[in-house]
Every structure is written in C-alpha cells, then in structure tokens.
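Look for chain A in each of the two complexes below; its partner is chain B in the first and chain C in the second.
Right, the complex of A and B next:
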C-alpha cells in the first residue's frame, strides 16, 4: 500500500521579486512500513516539504495524498483534524508546550485527537517507558535535557497512533551518541508500529537506520544516495 | 479545559495576582453601588419605602416634596377616585432642633399613624403618642436615640423619641414621624398666625387589584391641581436624584470599563507570550475552537475567583455597617455585577482569540525563527 504520494508539488513563498521557490515539481512516493531519509543542505526546502506533506502549508501547485485522503483537497479545518489524527510531527525545534509536563505533553493529544482518552493514556505510559522517560514524566520541558526534550517530542508525535510520522532534524542539537540513540529509537518505533516515516537530516551516519534516502537540492528531489 | 487548568496551575502566582486585582475592582464596583444605594436611601428613603402605594403632589411642585402645598380638602377628593381605598394627609416640615444639646436639622413628618403613610414597621419601641415621635434609625448618628428629647427651635416644643423605623430618612437629615394632628400643632407653634396649614402630600392606599401607576394617573386626571405618582416614580422623580444616580453610574461605568480592559489586555499579553505554544498546538492538530475555549475558560475561572474575592471584601466592609450608615450585601447586585463583568471580559477575550486564530501553524515547523 502507498502511504504517501507527493505529486508535482511546487511551493513558492511570497510573490513578485521577493518570491522564493522552495520546492520545484517535487514527486515522492512512500509505502507502508517505509522509513525514508531526506538529505539536503540548509535552505534546500526540507522543512518546507515536510510542512506541505503534513498539511501545515498549502503547496502553490501539486497535490499530496496520505493513505486514501487527498490532503490538498481538504479545507483548513479538515486539515487540522487530519493532522491531529493521522500525522505525527517532530519539529526542528522540539516545540514542547512549556507549561505541560513531559507526560502532559503527550496526554494533551487526548483533548486534540479523536482517540479515546484511555487509549492515549495507555500509549503515553508505554511510550514514556520505551523512550526512557519513565522517571522524568513529571518534569516540565525546562527541567529536561535537550535529548530528553527530543524524546518527548517523538513521544507526542507517536501517541495519537498516526499513519505517517514526519521528523525534522532529530539530531541537530544532540551529540553523535545521543543522536544515534534517538534515531534508532525512532526507527524501531516506526517499524514496530508499522508506520511510514520521513526523517530530515544533514547527517549521513543516520541514513543506515532508514530504508531509503532521497536527496533534495534547491527544492528539487533527487532519488538515491547520490 | 486540560491546557487551561494546567496553565492556570503552573502560573498560580501570576493568575492569583490578576484574580486579586480583578477582585479589588469588583469590590470597588460592588461598594460604589452599595454606597449609592445607601446615599439615595438617605435622600429619598421616606418616599421610596413609604407605606402608601401612591403619593399625591401639588402639580406645580415638580415632584419636590418641600415645594408641594396641597389644600387639606384634596384628601376627600382623592378618596372619590376609583381604586383608592384610603387617603391620608402627610405634612413635612424641616426645622432646626436640639437633641442632647446638639443643634441639628430635622425633617418632621406628620402622618396618619394608622392610615397610608404610617411609619411601618416600627423596628424598635412603639408608635408615638402625644408629645412623642419615632425617628429613622440612621438618626442615632446625630444623637436621636430612644429616650432622648428633641427640642424644636424657636418654639421650644419638646418631643420624646419612643421608637425607630428603618430606611425612612428624607433629604439626608434626621427624620422623625408623629401623628398628623400633633404635627399641625407643631406647625402652628413654629409659624403662629398662619392662615391655612397646607399638606405636603396625600398618601393613598389602593385596592389590591389595582396598579399604583394607573391609580396615580387616574388621580392626576380626576383631581385638579395635583399629580399622583407611585412610590418608585415619586422617589426617582425627586429633584437631585437623577444627578446623584448619574454621577454614580458614571463612576461605576468607568470602573467597569477598567475591569474589562484589565482582563482583556492581560489575556492579550498572556496570549502573545504563549503564542509559540498555541502555534505548536495548532500544528499538532488543535482547533482554534479548542484553544479559544481554553482561553475563555480561564477568563471565566478568573472572573469568578475575582468575584468571590470582591464579595468577601464587600462582606468585610459591611462589618463596619451600623444603623447610622447601613451597608448591606445585596445578592442580586453581586450576581448582576459578576455576570456583567463575566460577559464583557469574555468579549474582551475575543481580542486574544483573534490573535490565536491568526496564528500560522506552519511557523511551528520553522524552528526557532
């Protein structure tokens, strides 16, 4: 089954002579249970691509289909709901809610997604355990280390049991050892739960944990490890 | 609700301080209203809480009791108006008097002790006999206490205080009530040789199936030279009442506006500070409605806390209440003020809701930019 289809997506920021073409006729397919690495230099359009795939940004041209839902056909409101239930996002800057504890940053999804609270609570406990945060669950983000925050962000992306997980530079602010740990963990979460996932990275060493690599340069996708 | 309560809990100090500030302002609102009720009561309590249903004024007096002069024969004419069950004269005289050797002003009311306009209920003591009066309890502040003797000036007539009524003060001076025929005697002693002794008002009791305003209009129409008014219109029509209530309305209105703006701006500041969290939550799929609901829930909790605090302060302030300056907690006032502050604070919260609605979830993806 195809988990994701990106069809001829172009994204232009702004207009006139300040316009920036961040994505240029991008095509991409991802099947279930596939973990893809997206590699590219800074400013090449990696975050933009993830944002378009996750329904945070509307493409200027082209379409995105996740599972059997044509995301780009949905209204803003429906896209929001779709994100809540079907897409898990790990942002480049963690983006935890500072007034919620590690555990609450996961359980808040019970108020946001349509999943029953009990299911979210169960999965939260399980995820905190798997992510090695069991004894840090009552701490606020400001009391956590960078790696711990990163893991909480991964937990939040997984807790509502989405079909597609989008991870933006999970290792940027981590040292190699911790970075490897986090990526391994992510890979095993995606594999064991049968999800599809895309991970943006600069770091070639992380590629070995993924199934496939796609490169991006100036908004254009190039298949293969090149 | 989840994030609303968590956020409140994690910023206890900040929200307590705001609830405190809102509480103080709500207290101010409640206290100003209570104060204005007490002051107006001092001014027109004798009219507003009169035992008569309808009060009849001279039509050229413009609802000013002290300018109203009615011929005694009018009482009989009023009695013939349909719907009128009883009518009795009221005479009012503002004099200087001494009580306990102190010189003070005194509003002396002559009324039918058993008819409409009677001082009822007597909260302490008994109805006055010859040479006796009952006073409004607030006059105890000026030394008018049961057992004391009032000496009228210049005649030297002596009247003993034998009872109290409540909320029957007039024109902000000590007010005393005695039988109408004794009042006529006092009038003659104070103004010897006066050819006629005019009444100030006629007090009317109406049939139980009639409405005071309707009977009042009927009296106006059927009896020449007078105007019949129900108590509330008579009280609010008294010259000066309007400007007093308007001044208070203005102060209360400004205070009200300040409460609402404080709440509105505070939440706007909080919203701007938390915008990054809102953007994140929008990005992971929270609807604007959910976030707006959380914000509104916080406002409601905050205003309710403030209202409880303000009411407690008001209760504290009314501990200082005494007969000379009665202050009481009016539950209806507390509820009205709370609901009004609530509604307008929620409206002012829409400023923040708009800010949340404009938050672009795509910003969450662009790192710390």
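Right, the complex of A and C next:
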C-alpha cells in the first residue's frame, strides 16, 4: 500500500522580486514500512518538503496524499487534527516541552491526539523501555543529555501511533557515535512498527539505516544514492 | 490541562510572583471595600434600619436632618395624604455624653415609639412607651462604652440623665452612636442643651413615612409635597445618599476599587504577554505536533483562573489577618456579598487579561517549529 504520495508539488515563498522557489514539481511515493532518507545540501528545500508533507505548509501547486487522505484538501483545523493523530514529527534541536518530564513529554499526546489516555500511557511505558529511557522518565529535558532528549522526541513522535514519521536532521546536534545510535534506534522503532518514515539528513553515513535515498537539489528531487 | 498545570508546578517562582501580585491588589481592594462598607453601614443605620419608604423634610432643609424643621402639627396633613400608611417623626441632637469620665459623641434621636421610623431590630430590653420621658434605646455600639440596660446617660449641658431601657443594632448615624428617645424627651433635651432652639411651637426634623401596599412611592412623595407645599419628600434611597458624605465616600471608594481591578487585568495581561513571547517556539512545536488553538487557549484560561483564585484566596486571608489587628475604631465591615462580588471581579479581570494574549497565540505559525530555529 502507498503510505504517501507527493504529486507535482511546487512551493514558492514570497512573490515578485523576492520570490524563492524552494520546491519545483516534486514527485515522491512512499509505501508502508518504508524508511526513506532525504539527502541534500543546505537550502535545497528539505525542510520545506517535510513541512508540506506534514501539513505545516500549503504547497503553491500540487497535492499531498497520506494513506487515503488528501492532506492538501483539508482545512487548517483538519490538518492540525490530522497531524495530531496520523503524523509523528521529530525536529532538530530543542523541541521538547521544557517543563514536562521525559515521560510527560510523551503522555502529553493524550491531550493532543484522539487516542485514549490508557493507550498512550501503555505505549509510553513501552517506548521509554525500548528507547533506554526507563530510568530517566522523571527527569526534565534540561537534566537529559542531547542523545536522551532526541530519544524522548522519537518516543513522542511514535506514541500516538501515527502512520507517517517525519524526522528533520535528528543528528545535527549529536556527535557521530551518538547520532548513529539515535538513527539506529529510530530505524528499528519505525521498522518494527511497520511505519513509513522520512529522515532528512546531511550525513551520508546515516543512509545505510534506511531503505531508500532520495536526493534533493535546488528544490528538485533526484532518485537514487547518486 | 496537564500542560497548563505542569507549567505552574515546574515554574513555581514566576507563578508565585504573579499570584503574589494579584494577592496584594486583592488585599488592598478587600480592605478598601471593608472600609467603604463599614463607613456606609455606620453612617446610614438610623435610616436603613427602619420600615420607612420615604422621608419628608422641610423644603429649605435640603434633605438634611440637621437643617430641616417641620411643625409637628403637619404630621396630620401628611398622614391624610392618599397612599400614606403610617408616618412618624424624627428629630436629631448631636451631643456629647460621659460615662466614667470619658466623653464621646452621641446622636440623640427623638422619635414616636410604635410609628414608622424607629429602628426595627430590638436586641435587648424594651422600647420606650409613647410619651414616656427620659428613657431611651441605645445602639449596640454603646455597649463598647460601658453602657448596659439600666445605665444612665448624662448629656453635656443637661441636668436630667436618660435611662437606657433597650438596645437596638445597626442604628448609627454618621458614625455616631445613637440614643433613641421619645420626641418629647428629645425636645426638652434640645431646649436644655441648645437654648437658642426654644420657641415657635413643637418641631420635628423629618417625617418618616410608610407607603400603603399598592401605592407607588414616587407618586406618594409627589402627593405629599403638593399637599403641604413647604416640604421636600424623598425616597429612602435618596435620603440615604443625601446623608452628608455618604454618596461622596461611596463613589470615591468605588472609583479606587474599579481602578485596582483594571490594574489586576493589566498585570495579568502583561504577565501572559511576556510568557507567551518567551514560549513562542514551544507553542509552535505544540501546534506542529497537533495541538489545536482551542487546547492552548483553554490552557491559558485555566492558568489565569488558577492565578486569580490563588491570588484572591491569599489576599482574602491577608485582609482577615489585618482585620484582627485593626483597632476597633476603624470602621471596617467584611461583608460576604462584597467578598463574593470582588471574587467574581478578580476572576473576570484575570480572564480578560489572559484573553488579550489569545491573538498572539493563534498567530504563531506551526511551520516555524521545523528547521531547527524554534
């Protein structure tokens, strides 16, 4: 089954003289249980593509379909709800709620998504265990290492059981060894749950943990590891 | 809900400071309101604590008990006006009295026992009988001056003491303790203490009137003034507000209290504006992972509610503590009704202050969470 279809998406920021074409007729398909690496230099449009796919940005042209939902047809409100239930995000950098403990950063999804609290709590305990955070669950983000924080973020992306996981440069603030560990964990969590995932990265070494690589250059997608 | 409360629990310092600020303003407002209520109650008891619907003054008396003078024989004409169910007569004498050598101000009020205008709540003893001389009802506040049933009160300038035969509560006049005697006793005390008032027949200073069931008070007051030609008749509410200083005090205190609540609103608004600014990135991430505006705005309202309720409770407790150490001469009255109104006002102002940050929160773009700058 197709988890994601990006169909002829163009994204232009601004207008007139200052217009920037960040995506140019991008097409992409992703099937269930597929983990894709999106590789490209700075400014090539990786974050923009991820934002469009996740319903955070509306494309100037083209459409995005996740599962059987035409995301680009939904209203802003419906897109928000869709993100809460069907898409998991892992952002680069500090992206946890600073005054919630590791555990609470996951259980907070019970108020955000429509999943029953008991389900979220069960999955939280399981994820914290799998991510090696069982003994850190009562710590605030400021008391965690960078790698631990990124693992909490991965847990949060998975806890509402979404169909699609979107990850933007998960290793940017980690050293190579830690980065590799985090990506390995991420890949195994995504694969073991049969999810579809896209990971944006600069780092060629991370590609080996994914099923497929797509390159992006100046807003254009090029298939293959090239 | 979880988010809103967790934020307060984990950021105790800053939330304690906003709660402290609200508590401080609430404390000031509660003390001011208690003073306002105390002054009002102490100033108006003699009027409020009666069954009168209106008061007749002489036209040149400008609604003042002290300045007004009415011939007692006019009472007949007032009683015969259509719609008047009962009429009494009042006279006032501001004097000093002594117990155990201590001098204090006292307002001696002449009245007609059994007729409208006398204090309604008899708390001890009995009332004077009609025409009974040199006995009186004392306001309960005179107990603090050592006066009991059977005490003799001697007014400065008078040779004849008045025996206290009963007590009434909440019957003070312009913060003076009152002693209610028959109109006859009042007249003789007045002639004795203010010899310049002798002559020109019997006078009273106001006729309290009760209006019969179906009659409209406004219509009856107009009818009285038309029938007598020399009077100004006002409703009880107008009579109370015309007491010297009462309306001015009430409006001054109201103005201060209203301004204080505006300050509560501003303090809360600034606080939320500040923390919203600080939390922009975090709010963007919450939106990106699917938080609705509704969820975030509800959280802000819950936080405002917690801050104002906690601030109120603290301010309330402080005001009661202060009340314990205030000297009894300070006329504070803590009324449950006032406390309730101010509680609601605090919460409403807090909510309004919080609502001012709504637009800022709604405008935060969830897309700004991606890209790592957030």
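Assorted remarks:
Note that in this section the second predicted complex is superposed on the first by the 225 of 226 C-alpha atoms of A that agree within 3 Å, B and C clash if a C-alpha of one lies under 4 Å from a C-alpha of the other, contacts with A are read in each partner's own complex, and residues count from 1 in each chain.
FYI, a contact is a pair of C-beta atoms (placed from the backbone, for glycine too) under 8 Å apart; a residue touches a chain by one contact, two chains touch by 3 or more.
The shown structure was predicted, so the numbers you read here are calculated from the model rather than taken from an experiment.
Model built by superposing both complexes on chain A: chain B and chain C clash.
In the superposition on chain A, no contact is made by A:207 with either chain B or chain C.
In the superposition on chain A, contact of A:12 is made with neither chain B nor chain C. Residue contacts after overlaying the shared chain place A:91 against chain B and chain C alike.
In the superposition on chain A, no contact is made by A:217 with either chain B or chain C. Looking at chain A, you'll find residues 47, 50-51, 54, 56-57, 77, 80-85, 87, 89, 91-93, 95, 97-100, 104, 107-113, 140, 156, 160, 168 touch chain B in one structure and chain C in the other. Partner chain C is touched in their complex by these residues of chain A: 47, 50-51, 54, 56-57, 77, 80-85, 87-89, 91-95, 97-100, 104, 107-113, 140, 156-157, 160, 168-169, 172.
Contacts from chain C toward chain A in the complex involve residues 1-3, 6-7, 9-11, 281-282, 285-292, 295, 366-367, 369-372, 374. By the touch criterion stated above, chain B contacts chain A in their complex at residues 1-3, 6-7, 10-11, 274, 276-277, 279-287, 290, 361-362, 364-368.
Those residues of chain A lying in contact with chain B across their complex are 47, 50-51, 54, 56-57, 77, 80-85, 87, 89, 91-93, 95-100, 104, 107-113, 140, 156, 160, 168.
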